[in-house]
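Two complexes are shown next, each including chain A; its partner changes from chain B in the first to chain C in the second.
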Partner chain A sequence: MATTPASVAVRPPGPLRRAVASDHVAGWMFVLPSVLLIVLFGLLPIIWGFVLSFQKAGLISPNRPFTGLANYERIASDPLARTAAVNAAYYSFLFVPTSIVLALFLAIALNRKVRLIRFYRLAVFIPVAVSTIATGIMFLWLFDKEFGLANYLLGKVGLGPFGYFDSPQGAMPALVVMTVWGWLGFDTIVYLAALQGVPRELIEAAAVDGAGRWSQFQHVVLPLLGPATLLLAVWSTISALQLFDEVYFVTHGGPLNRTFVPVFYIYRLAFTSSYGFAKAGYAAALAYVLFMVILVLTLIQFWLGSRVVHYSS
Partner chain B sequence: MSVAVADRTAPGDVDVSALPGEDGMVEGPRSRWLPFSPWHLLLMPMAIVMLIPLAWMIATSLETLAQTRHFPPILWPGQLQWRNYPDTLGAAPFSRWFVNTTVVTVTVVLSNLLLCSLAAYGFARIRFWGRQAMYFLLLATLMVPLQVVLIPTFLIVKQLGLIDHLGALIVPNLANVFGIFMLTQFFRTLPIELEEAARIDGASRLKILFTIVLPLSAPALATLAVIQFLWTWNDFLWPLVTIINNTDAFTLQLGLQNFQGAHATDWNLLMAGNVMATLPMLLLFLLAQRWFVRGIATQGLKG
Partner chain C sequence: MRRATLLICLVALVGAACTGGSSSGSSGGGPVTIVLWHGYGNVVTPQGQTNYEAKSLTDLVAEFNATHPDVRVKAIYVGSNDNALQKLTVALSGGKQPDITYQYGTSLAQLTDAPGILDLTDIVKGSGWNWNDFFPGEQAAATVNGRVLGIPALVDNLAIVYNKDLFDAAGLAYPTADWTWADFAAAAKKLTDPAKGQYGFAFPADASEDTVWHFDAMLWEAGGDILNADNTQATFNSDAGVEALTALQQMAVTDHSVLLDQQNTKIDNLFNSGHAGMVVTGPWALSSYPDVHYGVQIMPTFPGGNHQTISGPDMWVMFDNGDAKRQAALEFMQWFTSTQQVKADSMTSSHLPTRASVVALPGFVKAFGQKFTGEDVFAENLLNVKKARPTLGTYDQISQIMGSAIVSVLLGQSQPKEALDAAAAQVNQVLAQG
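And now, the complex of A and B:
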């Protein structure tokens, strides 16, 4: 576009300049780097995973023929998928209530002014910083059949010896103890925050009305912990159903498949040749079913929660 | 890595930064029978139980091999075997793995601070076409955990030629939705008047972000940084599937796993390796406990 110098002086900014200065372009410039990354590594996999679940696919061969619903139909008759589902349910059933009840108990104990409180809190919080693998090594040692501290200490009170990760009955409970240790700090922090949000006036008002300590707790504090409990129940269930690191590293799904859980199965199908090749499509279908189960359970929990939990604000 | 977002359902509008402090704590009644609060009788055993795994890890890392194979277990070795540490470093390339983990973690944390800040500022302060839809779309991806999209994500990273390369651990994690969400929420709580005044004075948006918004956001940035650090440092599943044949590109978690496979019964060396791999994270936790607690209490995060 040719313009005379005179017209430049009076001309308003060109369309390009205006566009750059406009909110539309500026906004996209700010979000674009993140959006591109998340589309590529977050959104695309969700779509691709869904497509894969209808294919016979491996990780190496680019040849991925569509097989319709075959992968999903196979899940229904796959005894290993069934074992994984049963174990995931069993683990969640033990892990979720145990971790939540213990955390509530710890948070109440830790919510007071006593000497050494910082030390006590640190002791409960610190496993949050320890990785699943490091935790696994510690508990393999603690729960060692021959030389472990656990059998020694339990022996002193007349219990055991137990086989822990080596015993078909004991492996899952041992896994629960180990993962609860790792999670407790997290849950306790959430409960502590909720406890500190309980208005002092409410408790004092209840005390003035003659409520005893237990009654104060039961009728004033506990209802106010509803939202935190709901949240922890949802998170713990989600993470329980996705258990992997500890199983992969500590129990390898055994003994006798007693700790064989869904993500471990998905991993082995897709990334190892344990069950033959070209199983990535089937693994993707399993992953999607797991996702749907998690989604439905989460919705149910929130729905149940909305009927029970009381939100103060 | 599981991420859950707690926005309105989070435990109320609590000043959780006061958590390690004294706010809202109950003052226990003094006991007539004991020189200290009776709560110690509960709290002390509880703290000890929680600390036993860590304490025994450290004790074992200083024992001789013969001492580890002794029953009843030796709770504290008389003569400390410090040489287990150099022996462990000699038996496996822990220092290499430490460098790898540090490079990956620091890069990912810095990149997230920058990219998530930029995106969050866009979402919080600029009205642009498609903003709501894009924000919603990003949030929707938070619902889908890595475990579910492991295979397609692997295939994408493989297409990019990053398998067996540290890049596989860095590139997909350069920005994450959680950070964007958290900072967007935070930026929206900041008073907008300062920014408007700067804009009238002709400051660019980028300048406003870096000179006004980010300095006010130090608490949120610190929280994001420590949580991201924790996730990346301790991550296992993603490194496991992407770093397969190249021990030179192992992270500490992969290395520990590998070392355990090779020295399954050398408990003193295993524990020395475990201490070395865990110590950096423990130190960071001790130094930045406040931000970890804040991050967990307000956002509900767990690696």
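And now, the complex of A and C:
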């Protein structure tokens, strides 16, 4: 009996114990809570939504017959889906270039050694941290047709009054101004980081070769900002096509459907009965089409990027 | 979008926690616990003031619990009534529905297929319910395709609320009970002063149901109706409909005497700050006007028309969660909506009484008006509610179409006749599809 403990002690651990004790399993245990949440609130809805897109289904009634591709076929002839697509294209067309160009200017302005530079950088980034609802309330006041500060100041110089969110022509541009303001800080920080990654010796070398400031910027700095620009273009396009919060809170898709965008339509189809019942399946189909559009656009952007963008390494 | 996702997760978690808590008081030895969902808020507001709507409900529930030892009612505030249908949808898909829930009357038609919904048609015919004492408009709103699916919880109606000081300053006589919409428009024009940011009339123009029901009342006053009698054809594009919408167009587009609130967020603030001479609103809004001297008058009419108004009755909808709970819930609802409790609720919360017998009680209207200025006019105006909006599952779709048409006219983008005709064609399509 006395020899037994010794023999146990020298026996190597079994495969199970080895597996449990390995870094691999320990790592998974650490991320397990997040993984569970992602599966529960991310993966499962994605799969369920895919199944739903082939059904005629509401969210209340348990009766969900499969209808094949009918939901997808309907999209082509749905005038509201077309309105939403046109509005999304219009919004992206205004939002993406505006925010990227403005962010570049701001980043260059903030990439200098002047007094209070930290304060300026903070000021530019603060809108990103402000909740969409607060931003919405602020702009509703600012852009109020009758009592807003914007029309008051413009009135002083003899302009306006403009309708902004209340006018069919002005609502989308007003929405662009609001969202650009809200997200500009993020784009600026990305550019600022990229600018600070530009090696000094390259600029000095260009200066030695006789390049002026504009030439330095055009031929040295700008190409090195390529990866950041690609990132921002992809990121801004995705968020532009997924616009929802601001529309839901500020314009409700109006006036006259001029700010009616895809995700807002999907939300109303699935969770309200404004467009009839049992439209959750159709909403899911629209969501998947939107996903495919975003995927294709992103792939195109990466393909274009791979031909134009220089990576420094 | 990431914020939205996070919010949805949070709501889901909180929702799970709430329903989990509510279902815990299950049957066993003691009293039967039933759960009631409402949207009246908490008794003490975040600003530290008393919320009399919630207080009234809480007090009545406490009184019931004290006098009925075999039943325990748990009244739970589940957030704004605007989201009541969404909340119920989530609860239903998880099988965690409450025994009683407050719902907008317009949501009822969407709940016809809801699993476990209690069909009250035969129950309310029974003695003790006194069903015909509820106003006809309420009965109509509670009934979907001949099935009674709700018990009137709250009733309101629309009337003119006007700023007496602005009328005095403009040298105008106050609105009278025999006003026409032409009188209304003339007064609105005189009350408008762009330099002061002052408008004669403020109108909800967000194309929502709020826009539509304001129009519905005018349509009825002109002698028209939304759909035909068997709900198969749109009739709101009749001459009456065109007359009603033209009256609004005249004020909004020609006279510029209307502030069109396209987000539907600022009308009450504008009226309370003296920037709007008149609003057409319901009894709930009066508590938002502490800073102005206001008067209330019934709706204007059109030549040859009448002074009808519209009511949007909300409902208590019930779910069958087993015999014991169902019976307990019915016992509570019968007690809670009887004449005595309805009167008590009105005098505490300022809700209009849901029963005609309360309005008929000697001295009630006078006492009600003394306690809540202007509410007496709204209470008597209940008798001007003759019609109800159609209780159809497709109603929200119809409303959506009508709302867009009305707003497009008010924004000067189209003419009443063509806009209503186009909307009617769309509505007919919806009705044909069923």
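In this section, the second predicted complex is superposed on the first by the 274 of 313 C-alpha atoms of A that agree within 3 Å, B and C clash if a C-alpha of one lies under 4 Å from a C-alpha of the other, contacts with A are read in each partner's own complex, and residues count from 1 in each chain.
Note that a contact is a pair of C-beta atoms (placed from the backbone, for glycine too) under 8 Å apart; a residue touches a chain by one contact, two chains touch by 3 or more.
Since this is a predicted model, take the numbers as computed values, not measurements.
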First, second, both or neither for A:I38, with chain B first and chain C second: first
First, second, both or neither for A:G276, with chain B first and chain C second: second
Touching partner for A:T135 - first (chain B), second (chain C), both, neither: first
Which of chain B and chain C A:N257 touches, first, second, both or neither: second
Of chain C and chain B, partner touching more chain A residues: B
Which of chain B and chain C A:N111 touches, first, second, both or neither: first
Touching partner for A:F186 - first (chain B), second (chain C), both, neither: first
Partner chain(s) touched by A:S215 [first = chain B, second = chain C, both, neither]: neither
Touching partner for A:P168 - first (chain B), second (chain C), both, neither: second
First, second, both or neither for A:S306, with chain B first and chain C second: neither
Doubly contacted chain A residues - partners chain C and chain B: 37, 41, 59, 131-132, 140, 144, 146-147, 239, 242, 244-245, 263, 271
Parts of chain B lying in touch with chain A, wherever the complex brings them together: 2, 4, 6, 9-14, 16, 18-20, 22-28, 36-37, 39-40, 42-44, 46-48, 50-54, 56-57, 60, 68-73, 115-116, 118-119, 121-123, 126-131, 134, 137-138, 141, 143-145, 147-158, 171-177, 180, 205, 230, 233-234, 236-237, 240-241, 253, 256-257, 260, 267, 270-271, 274, 277-278, 281-282, 284-286, 289, 292-293, 296-298, 300, 302
Residues of chain C defined as touching chain A within the complex: 1, 3-5, 8-9, 12, 86, 89, 92-93, 110-111, 113-115, 197, 199, 206-208, 259-260, 262-263, 265-266, 275, 393-394, 396-397, 399-400, 404, 407-408, 411, 413, 430, 433
Complex contact set, residues of chain A against chain B: 23-31, 33-35, 37-38, 40-46, 48-49, 52, 59, 106, 109-135, 137-142, 144, 146-149, 152, 181, 183-184, 186, 189-190, 192-198, 200, 227-228, 230-231, 234-235, 238-239, 242, 244-245, 248-249, 263, 266-267, 270-271, 280, 283-284, 287-288, 290-291, 294-295, 312-313
Footprint of chain C on chain A - complex, ascending: 37, 41, 59-63, 131-132, 140, 144, 146-147, 165-166, 168, 239, 242, 244-245, 250-252, 254-257, 263, 271-277
